[in-house]
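Two complexes follow with subunit A in common, the first pairing it with subunit B and the second with subunit C.
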Partner chain A sequence: MRGARPLAVPQVLHDVLAQRSGRIGFVIVCLHLSVAVAAPMIAPQDPAHQDAAAMLQSPSLAHWFGTDRLGRDVFSRTLLGGREAMLIATLATVIAMAWGSALGILAALIGGRTDAIVMRFVDAMMSIPWILMVMLFVAALGSSSVALVPVLGFSYGLSVVYLARAATLDFVTRDFVVAAQIRGHSRWSIAATELLPNVQDSLAVQGAMQWSWILLAVSSLSFLGMGVAPPTPDWGQMIADARGIMQRAPWALIWPMLALSSLVIGMNLAVDAWARATGVERNRRVPGA
Partner chain B sequence: MFSFEKQTRTPIAMILSLSAKVLATPLVILMTLASAAQAESVLRRANDLSFGGSESLDPISANRFYEVNDLIYSRLIRQDVDGRPAPELAQTWTANATATEWTLTLLPGVTFHDGSAFDAADVKFTLERVKDPALESPVTDVLGFIEAVDVIDPLTARIRLSTPHAGLPLLLMDYRVRMLPEGAAAPYGVGTGPFKLDSFDPESTTILSANTAYWEGAPKLDKIEFTAIPDSEARNQAMLGGQIDYNGLTRDQEPLYAGNPDFTVQSYPAGGWFGIAFQSNQPPLDDPRIRKALRIAVDRAEMLALMTGEGNGIVSCDTPVMASDPFRANLDCPQDIAGAKALLAQAGYPDGIDIEVFTADLEPGMVQYAEVYQQQVAKAGIRVKLTVAPSDGYWDDIWLQKNAVTSWSQRPADQFLNEAYRSGGAWNESHFANATFDALLDQARATLDIDKARALYVQAQEILFNEGGTLIAYQENGRRVMTSRVTGIAPQDEDYIRWHLVGMAE
Partner chain C sequence: MAAVLLERIGLALVTMVIIAVVVFFALDLMPGDACSVTLGRGASDSMLAACHARLGLDQPPLWRFITWAGDFLRGDLGISMQRERPIAEIVGWRLRNTLILAGVTSVIGIPLALGLGVLAGLNPEGPLDMAISGVAIFAMTVPEFISGTLMILVFSVILGWAAGVVTIGYKAPAFELVKASILPAATLIFILAAHILRMVRASVVEVMQSDFVQMARLKGASRRRVIWHHVVPNALLPAISIIGLTMAWLLGGVVIVESVFNFPGLGRLAVDAVADQDLPLVQAIALLFGLIYVLTNLGADLVALILNPRLRTRRQ
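Right, the complex of A and B next:
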């Protein structure tokens, strides 16, 4: 390992919490994660229970966030509405980071025609708007959560290839890499032991950002009816259901919107703080935006 | 007469005066136009561009521009408020003893918008073209059994059928079967209706003017204008903003007009429904006991309330036939969880059953319908895996192939039962096949006595409830909103509106 420090979680945490925006973001994200874990225990009502006698009720003691058009408790649904999307986002992020990093690092290391072919492939795939690509996959594979994980993992891994390759190119001509090649180390070995430790900060920051982008993507797909399937409550699905009644029952729309946006904003604040602490220039542009 | 005065005003005063004139001119023009519009009684409506601009003035086209065709053409027979056949351009209709020939006498003195007289040759032309394969009309499925039409004299036409059909007058009430002049060709647009076509642009504005020679009397309105607004919410905003005078309404939009004296909101019985078509030809749903269990586990009254609000529809015991249809079976079908469990146990599923139901966000409520179903039947041990399929291609790739949420608009009993349930029918969405059911429909078609025919249709619908594959929990009311100046429209389906009696109060 040359010039790289291990990705130490306590150190990262310390760096993030040292900044005000980092503290705010961290608290928001932790709060969301805690709620997501504890929601089945703390949700006061069955989120799928429909009640024709309680449709579109405004917030009350019985229903803190009011009820939706099927008389379901918006508070319970909001508490539970992020779980599935967060799980999908986590798994898809792992897949995106794994294949994207591996391909990007190897492309930079091997260089030449292999690098050119890989990057043209990635260019071609990235020229397709992500939502269109995901919709094509969903149309072909179905919209189950199981199908969404690899689809989003593939689609969001494309930008990781770029980032991993760019970060790796800074190091491939360094002496320690050349020395490892002379020593006869395999490409995989060089990638894993010499390059990965040096690009891990960039990749970790990118991974955290990918997570919030994928979360937004899952919610967008649910909004369009292609994400999380009922009866599992989901913020995107709740927003879609409530958009036609926003003047009549704004509470059915506001709470899932607040939940989703606060989580994404919290994640952004935390990641920004983290990027500043590690000196990583993070890509602020949302893919496809 | 012009006069020149000595200029004594300051430059600033001149600029102000000129500005006032410049500003006033368009205002005056607008006011003049507005007063002209007021002097001319115009009803402004919106069309939803559902065929993307290929809306057709051919009434039997799959892309028929219904709202406009309804105004410019007439039918032979229309329905009265009880859903029974009533004269329109046909004064009387009688069948031979075997119901294979129907003789119609036509209303004398009716003229088309181009001044030509309406007669039996026009009836022959209009009804015989229904079978023209080049037109690819969906009406072929409904009236394809018309073999030929004989012109007996200018006011008498005889319709010969390839199979007996006592319900022909009911089928002639179809909203698409409207009289064209003999030899009519694209782009069509000449009819005998209360309004004439002035200009036609389904993507922009279509203008109709009163047909003062209309056979039921000159319309009260001078004009009806249609503006293309594809989005439901945009149409609603146009209504709220006073840019249109008449519009359909969804349940969610209705409260926006509550208590506002500028608008009149109407809810009226109609025959449209969402349902779930279970594939009766695929195991295990080929067992009628399972199909019945899947349907009787539903609390239809609660579903109606959840989906439409209180009092906005009528419960259906899986009959597609609307409440005002004389052939509807009015059965009783409360939720029966114990019965559903017992049927499932008899069929070999004592621990409940897993089924997959597809839906799509094609129309407001289609996903929720499946959500309500999923929740209600869970009590009977029916575990529904709900898949929201992409809207695009839903009717091609999912419908007719999977257990799927479906959506139908109202149509006469005979048409519905034959189109959607007869063995092997092209739109038999649940692949229901029952020889007794088919035979009952044949018998009903050949029965001239309306009460006997009704008994047969009711029997057929009872079979659907006991063995059928389609859940139909309710039929939803229609809703509309109008500016309160609009007169002459009762809270009834659009099909009943007599547009020549519609006016705009001052």
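Right, the complex of A and C next:
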């Protein structure tokens, strides 16, 4: 009987780095994270500063990535453009993992009618495409980064319920769980001390994946004008903004696209390597999740 | 067979009811309602009360839900706040347009995905598989709005093959919409096919290693016969349920892809409705999408039942 053990970070790192795709992914993600942290210090110009005299300039020494339709420095905006989305994704992932795993583990442990009812609800909620679910709330609450965190945390937690339940079902009939039940332990205590340690590897891998899906969701919402609001620079918003001028100023479009794509691809490579190393069946982006 | 069939249909009905409850009460529990959101902060109490009475918002929630759901079943989707017109009228044409887009996508995308999946799975790790799977993983990883924008950049701006942005109105004749849906459908196919072909590839690889395929080979059946008579039918069965699930993605993807290409469908209408804070319209569209999803999945289930006798007995 032990509580949730801390993830063996050195071991995980070693396993991921032992694979070539894992190394590539890890380097890309680390690069992105350090840029995100250091961006306010290293961005050469104010990302919101509009310069009517320097609109749509091609890349130069003064503007490495050129300028956009309002004369803003694309290099500075690209450096800073992932911060808000990453912050929202991180907070929403914590919420999604917390309630999703708790509900999934308990549903599997209690079983019977409770389990059936919970899963029917989760099924039904997942039949509404996530984006419409989020839009439903955005329409009511207005679009703000603060409102997005609980909304995304809720809708992305649904697929975590599935995963946590499926992973737990392998263990609920094992002797050590039955023994704990006979000893008279409460459900919460069995879930926390017997089941959680056995499913936390799958959950951790899933959490890393959730993070990159939520990041994509935030960027997509920003692209649609429902996510990160100006003047805060954001990749999705920059892409939406530069679409109309892609013929004249392709640089304003390419850099944010490259930044977002490389982060997500890097994350996928790293998580794939991690899943292979721990032997966890990592589910691909569930359609509709 | 009949019992399984009834069970599936019953579950689908229960799911529909739950979706309706969620869509209705999710907004009901939020601060603010259609009236306060539309009239804004400056609305006086008497204006709010008048608006509430007009929309029936002064009734108890349960009663409102029953009338809302009942009206929905009769085809009355309520009144749009911003557009001051019946929602059914606004939604009807866009629904047709979205169905045209989804139809073009599925008719081309699904056979393409099945074919490519089988090709990739027959020679796993071969050069063809590496190429197909590589592109598929890219398509599954990169978000829809980037794929769509890349499509415009390559096929419209650089090559000049097709117009990047749809300019026709939502009441345009059907064949014009089919023409306008080339690039949006290509974007959806790119992603949809990636999901399906990965599944088909995996199941082809699995079937190729199964005993009955080994047996057929040992009997001396030709490669062509093994592939067409033994591998393909068995590998495609699991794909059917995946196609059903992928429709859910397609419905969500449609929202973004339609916005990228300015395609006059239900998805873009939803985005506009959110921008206008038109709550009744957003609710109606969400419910509609949920129902389409359940029906599609039910359809996929039934097709799987017809094709695979093993599913027809009740699992205990």
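In this text, the second predicted complex is superposed on the first by the 280 of 289 C-alpha atoms of A that agree within 3 Å, B and C clash if a C-alpha of one lies under 4 Å from a C-alpha of the other, contacts with A are read in each partner's own complex, and residues count from 1 in each chain.
By our rule, contacts are C-beta pairs under 8 Å (C-beta built on N, C-alpha and C of every residue); 3 or more make two chains touch, one makes a residue touch a chain.
Not measured: the values here are computed from a predicted model.
The superposed arrangement places subunit B and subunit C in clashing positions on subunit A. Applying the stated contact rule after C-alpha superposition, one finds that A:P231 touches subunit B and leaves subunit C untouched. Ranked by how many residues of subunit A each touches, subunit B and subunit C are led by C. By the touch criterion stated above, A:A139 is placed in contact with subunit B and with subunit C alike. Applying the stated contact rule after C-alpha superposition, one finds that A:A179 touches neither subunit B nor subunit C.
Within the superposed three-chain model, A:I265 lies in touch with subunit C and out of touch with subunit B [touch as defined at top]. With both structures placed on the common chain, the touch criterion links A:A62 to neither subunit B nor subunit C. In the superposition on chain A, contact of A:D123 is made with subunit C only, not with subunit B.
In the superposition on chain A, A:L70 contacts subunit B only, with no contact to subunit C. Look at A:C30: by the touch rule set out above, it reaches neither subunit B nor subunit C. In the superposed model, A:Q247 lies in contact with both subunit B and subunit C.
Looking at subunit A, you'll find residues 135, 138-139, 142, 224-226, 240, 247 touch subunit B in one structure and subunit C in the other. Contact residues of subunit B toward subunit A in the complex are 233, 250, 252, 255-256, 302, 305-306, 309, 360-361, 364, 367-368, 370-372, 374-376, 385-393. Contact residues on subunit A toward subunit C in their complex (touch as defined above): 120-121, 123-133, 135-142, 216, 219-220, 223-226, 236, 239-240, 243, 246-247, 250, 253, 257, 260-261, 264-265, 268, 284-288. Residue ranges on subunit C touching subunit A, taken from their complex, read 11, 14-15, 18-19, 22-23, 26-27, 30-32, 37, 137-138, 140-146, 149-150, 152-153, 157, 195, 198, 242, 245-249, 251-252, 255-256, 259-260, 270-271, 273-275, 277-279, 282-283, 285-286, 289-290, 293-294, 297. Contact residues on subunit A toward subunit B in their complex (touch as defined above): 48-50, 52, 55, 69-71, 135, 138-139, 142-144, 224-226, 229-231, 240-241, 244-245, 247-248.
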